[in-house]
Structures are given as structure tokens and as C-alpha cells.
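Naming follows writing order (A, B, C, D, E and F), and every chain is counted from residue 1.
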Amino acid sequence: MSWLPSLITETPEEGFEIAIKLSRMGVKKTQPDDDARKRMRAIYENDADSLTMVSHVIATNFQTVAAANNYWK
Amino acid sequence: MSWLPSLITETPEEGFEIAIKLSRMGVKKTQPDDDARKRMRAIYENDADSLTMVSHVIATNFQTVAAANNYWK
Amino acid sequence: MSWLPSLITETPEEGFEIAIKLSRMGVKKTQPDDDARKRMRAIYENDADSLTMVSHVIATNFQTVAAANNYWK
Amino acid sequence: MSWLPSLITETPEEGFEIAIKLSRMGVKKTQPDDDARKRMRAIYENDADSLTMVSHVIATNFQTVAAANNYWK
Amino acid sequence: MSWLPSLITETPEEGFEIAIKLSRMGVKKTQPDDDARKRMRAIYENDADSLTMVSHVIATNFQTVAAANNYWK
Amino acid sequence: MSWLPSLITETPEEGFEIAIKLSRMGVKKTQPDDDARKRMRAIYENDADSLTMVSHVIATNFQTVAAANNYWK
């Protein structure tokens, strides 16, 4: 089954979840090893700049998903 | 209740508040622990580059919200 | 009175000023303390990369304001 | 044969793969040496911020591919 | 006289020059002191990552100018 | 002769080459000295994050070129 069947969602909140998924998949496709990613999680989740960088990736993907959904208007 | 019922606002200023909310939610969804985020706040709020990075995330999210509201024209 | 009544301006130059205001407000909303921001100013205004990062935030906000004004055509 | 015959894909998932390809080609065109890139892989694939930066490039390229495909609507 | 009378240019190359001007003005508006900027120039012009960051700001501003000119089509 | 006569290309691949050219010109316009740029090349071409930053600039410029070409549809 596809991890990304569509960009279309009912609500902005669901759209934000897809943006998070896209951001995490960009990491997973680059580093497929679950253990490696778990090890790194302990680092970035306690680093302010790392968290801001993650939020920036989510914001970029949310732009894409929001445009896809015509901003849920 | 949804934390993001809509991207539509009356004014640009309200739109900027949603952009801030989106930026903070990107961090909260990545690091759900309130205490951890509070600890980190004391660091980034006194670091010029960290604050610029936060402003960049807000600017990216404000692009999305402004487009959603057809720039409040 | 609203600090952001509208994104619409007469000229590109005025639009650039709004982009600067949006960028600075992104910092102010994150760090409301004027003295803290003044302390940090002495650091980033003499750091090349910090100034480039600020210019990047202004560029992102200028994209938004320029689109809002249909590029002052 | 072209490595980028088209931006058009059947599905969002295929579109995401093109975004990954564009991101990796941006590195390859800058550093054509396969061995050098392999050496560096061992570094960035175990660094949280490096992986977030890669995900940000993929997100930027995915914006392009998604727009090209009218968001697979 | 305005430093930014218009975003409209005859050619893409002139548009790129406006993108450079916008990027530099973003720095100048943040650090108005010419000597300070000259001092910093000696640093960033010999730092690969600093130059890449500058190119990224120019690319962001070129997006704006290119859209303003309907891509000189 | 202009280094950027047009943004229009026959294929996405040619468009990607223009995006690379725009990215490198952003560096060259900032640091015109060929030897200085050659010296720095030896540094960034062996640094994973530096290469990712370059790929991000190319991705941003490719967005512009792809939109200019209506995504070669």
C-alpha cells in the first residue's frame, strides 16, 4: 500500500499531519535504518535549533499540501 | 476541538498569529514534552541566530496563510 | 492599532519595509524582551552569516508582500 | 538517456521519488566523485541536523514536482 | 530617488542583478554601517558555506523578480 | 553576450543545468575571484552539509526555472 496515496485531506489539521509525514519520510528515505534514526531522535528532540529546522521542513511541506487542497476554502 | 480549524482570518495580523501557531506546532509535534520545550526556550530566546531561524519558519508559514487569504485583498 | 493593517503598499520599496517589519516581528513575538533583543543585536550585526540569515528571512517575507501587491505592476 | 525526462508522474509517491532524485543530483553535479560521496554518506546519515537539511531539500523539490503534477488532483 | 523603483526588467540578467540588490539591501537595512559590512566581507567572501548562503538568498529574491516579470516570456 | 539570455529550455534536464548556473553565478557575483572560488571548492566538495546546502540553492533556482517553463508540460 502507498504511504502517500494523495495530498488531499478533509481539514488543515490532517494536511499538517501529511506535511509531518513527508518531512519524516525525507529522513527515512535517506537513512532507512530505524535504530539509527531512534538514536538520533534523542539528540535533536532536545536541541532548540534542530527542532526549529524540523519545523521549517514541515512548514515547507505544509505549503505544498495547503496549495494542493486550495487552502481548504 | 481542532487546533487548526481553518487558515482563513479577518486580518493579516491574525494570519501572522496562525503562522506562529503553525511554527510552534511543528516543534510540539516533534517534541511533545512541555518541560523539554520550556528548558530549550531559555536557550534559543537569547540566541540571535536561533531567533532568526524561528522568524524564517514563521515567514514560510505566513506565506501559506497569506496565500490562503488571497493576501486579505 | 494593528501593527500589520495591510500587505498592500504603493511601491516595492514600501513593500520591502513591510518585509523587514514582518521579519523583526517574527523575532519580537518569540522574544518580547526589548533589552534581550538589544543585547543580541550587537552580536548578529557584526556576523556575516547572521546578517545573511536575516536577509533570507526578509527575502521570504518580500516574496509574500510582492505577491500580495501583484508585483506593483 | 536523460536522467530527468519529465516531472510528470502517476502518483504523489512517484513524485516524491523524483524530488529525492533531484536532491541527490544537485549533490552529484557538484561533487561527481562517487567515492567521495560514499565517504560522506557515512557522516551525514548519522547526523540528525544533516538528515533534516536533506529532508528540506527534498521538500523544496517536492514542491516543484507537486505543482508540475497539479497536485495529482 | 528610490533604490527599488520597480521589479520589472528587460532581461533575466537584469532581474538577477535586482535579486542581488534586494539581498544586499536586506543586509544593509539590518547593518547600515558601511565599514562594518566591509570588515565582514573579507570573512564571508572566503568561506564556502557563507557564499552558498548568500547564493540562496539571491535565489529566493530571483524567484520573486522572475515571477514579477512573468519569467521574461 | 548575456550569461542568462532566457529561462526557457527544451527539457527539464536543461532547466536543471540553468538552475545550477544560477546558483554558481550567485556565488561568482559575490566572490568574483576565480582562484578564491577554486580554493574553496576543495573544502565544500568534501563536506556533506556544504553539498546539501548547494543542492538546496539549486532546488530553489530549479523551482523558478520549472515555473518559467510551465513544468515542460
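Just so it is clear, a contact is a pair of C-beta atoms (placed from the backbone, for glycine too) under 8 Å apart; a residue touches a chain by one contact, two chains touch by 3 or more.
Listed by chain with UniProt protein names: A, B, C, D, E, F = Hexameric tyrosine-coordinated heme protein (HTHP).
Nothing here was measured: the structure is a model prediction, and the numbers come from that model.
Novice: If every step must land on a chain the current one touches, say how few steps get you from chain A to chain F.
Specialist: 2
Novice: Which chains contact both chain D and chain F?
Specialist: none
Novice: Chain C and chain B are one sequence twice: same or different residues at the contact, by the over-half rule?
Specialist: Interface between chain B and chain C is built from largely different residues.
Novice: Which chain has its C-alpha centroid at the greatest distance from the C-alpha centroid of chain B?
Specialist: The most distant chain relative to chain B turns out to be F.
Novice: Tell me which chain's centre, taken as the mean of its C-alpha atoms, is farthest from chain D.
Specialist: Between chain D and every other chain, the largest centroid distance is to C.
Novice: What whole-Å value do you get for the distance between chain B and chain D if each is reduced to the mean of its CA atoms?
Specialist: Once rounded, the distance between the two centres reads 26 Å.
Novice: Mind checking the centre-to-centre distance between chain C and chain E? Centres are C-alpha means, answer in whole Å.
Specialist: 15
Novice: Could you give the separation in Å between the centres of chain A and chain E, each centre being the mean of its C-alpha atoms?
Specialist: That gives a centre separation of 31 Å.
Novice: Got the chain C residues that touch at least 2 other chains?
Specialist: 44, 47, 49, 53-54, 56, 60, 63, 67
Novice: What topology does the chain contact graph adopt: line, ring, star, complete, or other?
Specialist: ring
Novice: Can you list every chain round the ring, opening with chain E and moving on to chain F?
Specialist: E, F, D, A, B, C
Novice: So in the complex, the part of chain D that touches chain F is made up of which residues?
Specialist: Residues of chain D touching chain F: 2-8, 22-27, 29-31, 33, 36-37, 39-41, 43-44, 47, 49-50, 53-54, 56-57, 60-61, 63-64, 67-68.
Novice: Help me check something: in the complex, which residues belonging to chain E touch chain F?
Specialist: 11-13, 16, 20, 44-49, 51-56, 58-60, 62-63, 66-67, 71-73
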